[in-house]
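Shared between the two complexes below is chain A, which pairs with chain B and chain C, respectively.
This part shows the complex of A and B:
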């Protein structure tokens, strides 16, 4: 009894605080450092500044002129643009194919169905580095030049799986009789899909799409192998910067990325809460 | 009058995961008249739901044909058949309001907004849900959802309404109320209803005719009274209510009738039977036909025995007796006040009578 009481009153709460501290303190530190004006050692607080943000957005200022680590803001912009293009195209393709596959496996009867289902889980289980190397070898041997296009193909190969899994879970919750009811009331398969199936699985489709978008924006390992010289994405660009020492601008970039992910995740959570 | 629904020789097999096959429908033929309330009755796995699903178009037949209002629909997809279904768990669309649920078939058919509005309003009024149109499905009780399902499947004016055990999810009181409402509704809209259930009481109460199914075959198709009083075989007799089935042997067959000897040696005069001379048959005696008083009928069967169990169910007593030759007999008795003492005590001696007219011969063989 006493131990249980002790657990509940002090040990468990402390454990909880530590848990959150370990998860969020590093992230919080980055946000704090992004406003630190010390250009040499960011661990030592000097003064509050927006200079690093100004640098990212291309404004030079007194403080940064002496310590301009960012080689060129043009490269940063190109990387952001590449990341957005890759993420948007990949999300669109992966969402359509992932949803279609989930529906096909849930609704149709065909041979080797468990095998195909397992096949869809494979890209999720496979280590990123393996997938990256495999894709690189494939592109080189087929003779496709590395570019934004190869990144999109690479991302689609595994993000289709993510969408498939999220949408499959939603389809499993849906009463199949609803589709029969629709057909019974005179709707052909397309009308049934548009009026019943799609609205019912929409939270899963949106959730899968947001997940695909965030993972695509965030991926470093696979992209690192299949990105061409002129087609760096933001994570690859940041990794390149890091190799030449940690620079204060990175904190600012990271904070903006964090904000961006937070907004997307909030939209996703909001949509899920509204539909459920 | 030509039938609105005509199923001929319908056959359907399923393959089981173990590699075997199950014959769900084995040469089923069935005619339903316009304006008729027909029930498909049977235990689970008898093929009644499969039969309904082949009529609605969710299952394809392997053999045989289905005609609706003279047109062959055997291989037509579900969305092109002039029938609508009320599903077991209603299958209402949770993302649409009640009015939009009811309007679904009309919207799909591309009707004008004004006409959809007025027909949906009419339908909701018919099922007693006017004013509920804007509500969500999850704001309704089970009985109300049932009504929405009915409205949704009737609004397109189908030629036949199919109902797949729609009352099984409701509690007993509500179920009885809905039975009456369904019957009234069917008379009001004037179309054929084909109703699937495993509940014999439900089937007898509502139907014009009942088809009893077992092993993918129709065992008997007739009016509720026909099935109850004159079941063709032992399966039908047992499935439709409690009854005593006493073994007997046909001893004399004439055109006018037959004579059967009970195991106790008593003689039963039967109006007619398909059974051949010497064949072993069963005689059906419904418990309510067993009487306590000696009748004027001199040929009445007489059973002397001991009361084994008495159940008081309000107006009646259900009495199990064991006759002196070891036959079990179940009787529903409503004794006069002065006779009550004679039966209420287990172990009491009792004499019971069954009139010849109450005997009905059944064969033990199912329709094969």
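This part shows the complex of A and C:
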């Protein structure tokens, strides 16, 4: 009887650890095998090596001399650069637009509020591929050549919504009385905004910006349709590598990306935890 | 009076300043493209790509049953692909639900500190690049991959199994990448579950199954439905997962759309296929909203009765 009870109470934790193994094992696998020197079958462990990392950063090594895999590191660097440019510009634009809309809807009275709410909700319920093809049709029929610029526009269209939702949530938690007090004490609306509203919504704005940055860096579906031949981003580049056939350097690239996104995520989640 | 007017005017001006830039931007680059896509889905495809500006209902006809009778007979191949996508998306929803539910239950019963740590662990993969997470499954499932190597090493199999480029691989991949989407809404509703209700039900002699069906399931239903919708939407139109893990063998509606745009160059037909996906999503959301309002009415009615 005791044993049965023990068994019953430990089933859930055991399952829980399996669950986390399922979530994390595939990611760990990439990290571990990015140090495997076997150039023929990357899933058979041969020896520990940094060669694939060296290849990415442009150094040649014994393993890569014999089997040069990466077409050219230039393409990889260009993709990384494009991704960063897109993510930075998009984050700036989407954060400003999203915050502006959130403020307008929360603090002003006007007629078309339901329209704006629906507009902000749309990217959330629309499969990505639809926005991708709609933008492709639009750019081609208007005659705008596909480039980094079109990717930035595409990302802004849906990331405004993400910023809007995060900032709106923050404003909803805010005490409106403080703004009224500021106005009563004689501050004009700009001073009130600068000194009261903005500092209070700042955590929401930063959170929204961080989210926009991460999603922009990672977006594949929409970018895939509106990236020109010379304007691939990192996810599109890796997707292309996956389709052409898998080579050991992808492990190393993926591990570096993993590290990068984990740092950003930890910073973001740490900030949120501190706020609460 | 004058002062009031200027303050009103200034208020209007700030509102305009906040609204106008994003409105213009989204009007041009979001609403217009979507509207053009809707129009495109009713236009005749040009012979070598492009469109002819004639009304043409055969884009939808080819999908749903009335084809261009001059050249072709109706072939339900597109409908089959659409239905397969629905099936794979539903399987993904079900699998992620079954995987996440017990885990969410487990975490919701933890002390606060540990709970936060595990919730952090759940959200973390969401920040890891989608391609990277999919790539991991290519490494695991392909013939020379981790799973086959491991199974051959311990002598379970002699020949590598054909795991990648199957429906199962696609479902596993989609489930894996959408797990955080399912987990968080589920967790939110499971955490609200009052354990004293469960205990009361057991004290009153209900079996575990009865308690689950009568108490636990109804309380956590909003989370189940919410998570299912959030997983279903990106699964249905997905083309990345099937193209990486399904190859040429598993075609979903997303792949078909991609083909129409990037290789077949039949944009009107591709747009019509896209509209089909959108219609399916809208239908689902309508059912959801209907269900939720009915539930609300039901619960308010119950409260009125009580008082």
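Everything that follows uses one rule, which is that the second predicted complex is superposed on the first by the 267 of 276 C-alpha atoms of A that agree within 3 Å, B and C clash if a C-alpha of one lies under 4 Å from a C-alpha of the other, contacts with A are read in each partner's own complex, and residues count from 1 in each chain.
Everything below uses one rule, namely that a contact is a pair of C-beta atoms (placed from the backbone, for glycine too) under 8 Å apart; a residue touches a chain by one contact, two chains touch by 3 or more.
This one's a predicted model, so the numbers in the text were calculated from it and none came from an experiment.
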Examine A:175 and indicate which partner it touches, taking first as chain B and second as chain C; both and neither are also allowed. first
Name the contact category of A:191: first (chain B only), second (chain C only), both, or neither. first
Taking the superposition on A as described, I'd like to know which of chain B and chain C A:30 touches: first, second, both or neither. second
Per residue count on chain A, the busier partner among chain B and chain C is C
Residue set of chain B touching chain A in the complex reads 56-58, 77-80, 83-85, 87-89, 91-95, 104-105, 108-109, 152-153, 156
With touch defined as at the start, can you tell me which chain C residues reach chain A in the complex? 10-11, 14-15, 17-19, 21-22, 25-26, 29-34, 36-37, 40, 99-100, 102-103, 105-107, 116, 118, 120-140, 142, 144-146, 149, 176, 179, 233-234, 236-240, 243-244, 254, 257-258, 261-262, 267, 270-271, 274, 277-278, 281, 285
Which residues of chain A touch chain C in their complex? 12-13, 15-16, 19-20, 22-24, 26-27, 29-30, 33, 41-44, 96-98, 100-101, 103-104, 108, 110, 119, 122, 125-131, 133-138, 141, 153-154, 156-158, 160, 189, 214, 217-218, 220-221, 225, 235, 238-239, 242-243, 246, 250, 254, 257-258, 261-262, 264-265, 269, 273
How about chain A: which of its residues touch chain B in the complex? 175, 177-178, 180-188, 191, 195-196, 199-200
